[in-house]
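Structures given as structure tokens follow.
Each of the two complexes below includes subunit A, the first together with subunit B, the second together with subunit C.
Moving on, here comes the complex of A and B:
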């Protein structure tokens, strides 16, 4: 069997369009999911159980179920439950945002917890009001500490976004599959699709590693 | 790293010695009045058991004693970092800390608390801020000081401690000794009326201890009242105007350094001093 990778070039535009869709969806879900994750991460250390318990339940459910099941649930079940049609893009964004929110909330929670008691003592000894403590001491350190893990959460989401093809979103995976079916050249097309994902995800994971050691060195003082 | 050594140490012990005689009790209002302080962690561990101390203005009190004897807890309580079970503290004649009935939070006057500064055993600089910003954060945010004025004061203070070259550096680029000097400068930015030092050199490599102790001695020369917890008996002897031996949550012996360190009256003090000097 011979492979003809040149055939993929004929579908360059379509693949790039798919990649563009993938990137857009990833960015939307990263932004919304991180905001949600930040709020949930804070809620998980709240004093009131009425805030803490639902936040925990949400995180456990979304971390404990497959993303594709979540996606299908919002695409197929939610319309039945609420009695209205939901466009696949909306279902997709809801599902991936909620998934991202659950995983990033753990990142934020861990980074907030990692601020040592000594830092709080120092704030008290300097007489810093609570709001100043949070805004100028706790949050900057927590966010800096969260950044590398957050970035790797983003890389995961970028890869997980390929699941959106299962509900008919015309992302890179979906277009790749279509081309592969129509040309009967799955090896060439899907290999190229994989390489495209890799070409974007791999440099980002390298960045995470380098960034992480720098952040840790700085915050170790 | 060592290009920034602090200003020369006092020439002889005598310069401090001349100021040693603390005002006799009754001639001046005490700066700190600790009354019947009780503090425990959980139901079974009692750390402070009815501790009372009066401290006069200008005194440099060194607290020594075995680990777990309540020294650090006393300092943390004085800084308003801990809840107490019983007792009260007055500062400069004003009520400062008052124990509340069981289950209620200790009353701590935060305005009074701002007059006290503290340096800890562990490094507590804010790692995400450079040295200058570590110094000016509290003056700008607590006292509403103008940033330019605070910066000028901070630079002057850093220069005094031989750290002017480090103003823009981040804490992770400083040695342990430099970090502790910066922590002292940061506390001084708020013009405290009392400084608390909690084993500030015990996390340091031996060769870095002197530069930090010299800075504290500099402050002593300027009559800064201070309470110091230390295991360094040489330092205790040099800086103290008064030494308190604290064990089992109470004051066992309290007197001038010559007495408590030199010829202690209490058996427990004597044992402790002998053991500590023997190790050194």
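Moving on, here comes the complex of A and C:
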């Protein structure tokens, strides 16, 4: 068995294009999903059960089902449910955004919970209005504590985005699989694709680790 | 919305879904056995004092943690037969791919808990004249298992969900059964919703049990 990794170079542009699609989709879903996640995280500690229960149900459903099932559902069922065609890219973004919203809401919820009771008491004692309390006391601390986990949620989403290839979107994985099928060189092409994902995800996880220890040091100071 | 739901297509084909579910469960259980056993071994290797062993085992863990599971599964199905010139049936291959993925995640969980085994316990085991093997089996393993159990079970549920990916390489699991049923009956909403519900109910129930147990046996009682 001889391997010829030079063959991959011939498809450099196609793979880069796929990577670009993957990154774009990841960034869009990360931004939309984190915003959604923050709102849902807040909703889960709401007083009214009419807010709290649906928020919890949403999170549990999206965390309790495989992402691939969610993707298939949005691709094949959503158009039927709403009665119109929707472009593939929109269905993909909706599915991954909702997934990201569910996992980040847990991150935000944990960080909101970690703000101690005394801080709220102190706010009351200082006579701070509710808006000031949320924006200047709760939010900065919640964000700082959530940041490392949020970043690793982003890495997860980057990896999950490879599933979009299964519903025919031309991301890195899809293009890689196409090239590997057409050239009958799966070993070379798929290995390179795996290495590309690794080369992006691994440094990010290192950043998470370093960031985490710095945040911990800062919080304990 | 004027869609007429018809769950008959799902209800009359429950045997197909159950057959698929059994394959999914088989994959999950076998991959978890692989992941629980090998994960501990790999975790020990990552704390080894021999540099090449440590680096290689860490590389293994990081590689599986930092690439998409779907890439790993497709890589195993396409490349292993070429690289090693072997033919392995698809279920076994699915177990190997999912099992190694879980091994990497479990190794991280074990490693964190191994490092949190108190220094005094090590000192005590030396004082009592335990050898390295005895120390590993009787001091480190029980401690590590207890401390990392919640994460191990969470990872196990994760593998249950990841196992749906093998449908893409034509292993006839629950997801695959759902896909073919949806196409045969032209009833994607009913079928995929039913499939999602099955995955959800199992994951949710197991997760709730673990959360309950974790709260009950929390080491620092309030």
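Here, the second predicted complex is superposed on the first by the 220 of 221 C-alpha atoms of A that agree within 3 Å, B and C clash if a C-alpha of one lies under 4 Å from a C-alpha of the other, contacts with A are read in each partner's own complex, and residues count from 1 in each chain.
The working rule: contacts are C-beta pairs under 8 Å (C-beta built on N, C-alpha and C of every residue); 3 or more make two chains touch, one makes a residue touch a chain.
Quantities reported herein were computed from a predicted structural model and do not represent experimental measurements.
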Practice item. Based on the superposed arrangement, let me know which partner A:137 touches: subunit B (first), subunit C (second), both, or neither? Key: first
**Study point:** Partner chain(s) touched by A:220 [first = subunit B, second = subunit C, both, neither]
**Key:** first
Practice item. Check the residue A:160 against both partner chains and state whether it touches subunit B (first), subunit C (second), both, or neither. Key: second
Check your understanding: Which partner does A:64 contact after superposing on A: first (subunit B), second (subunit C), both, neither?
Key -> second
Practice item. Quick one: classify A:121 as touching subunit B (first), subunit C (second), both or neither. Key: first
Practice item. Name the chain, either subunit B or subunit C, that contacts more residues of subunit A. Key: C
Review point. Counting only touches as set out at the top, which of subunit B and subunit C does A:20 meet: first, second, both, neither?
Key: neither
Practice item. Scan A:129 for contacts with subunit B and subunit C and give back first, second, both or neither. Key: first
Practice item. Mind sorting out which residues of subunit A both subunit B and subunit C touch, each in its own complex? Key: none
Review point. Taking the complex as given, what residues does subunit B use to touch subunit A?
Key: 76, 79-81, 110, 113-114, 116-118, 120, 122-128, 137-138, 141-142, 170-172, 174, 179, 186-187, 190
Exercise for review: Within their complex, state which residues of subunit C touch subunit A.
Suggested key: 1-3, 62-63, 65-72, 74-75, 78-79, 82-83, 85, 161-165, 167-168, 175, 178-179, 182, 188-189, 192-193, 195-196, 199-200, 203-204, 207
Study note, to complete from the structure: Listed in rising order, the residues of subunit A that touch subunit C in the complex are 1, 60-61, 63-70, 72-73, 76-77, 80-83, 155, 159-163, 165-166, 173, 177, 180, 186-187, 190-191, 193-194, 197-198, 201-202, 205
Practice item. Write out the stretch or stretches of subunit A touching subunit B in their complex. Key: 116, 118-119, 121-122, 124-129, 132, 136-137, 140-141, 144, 217-221
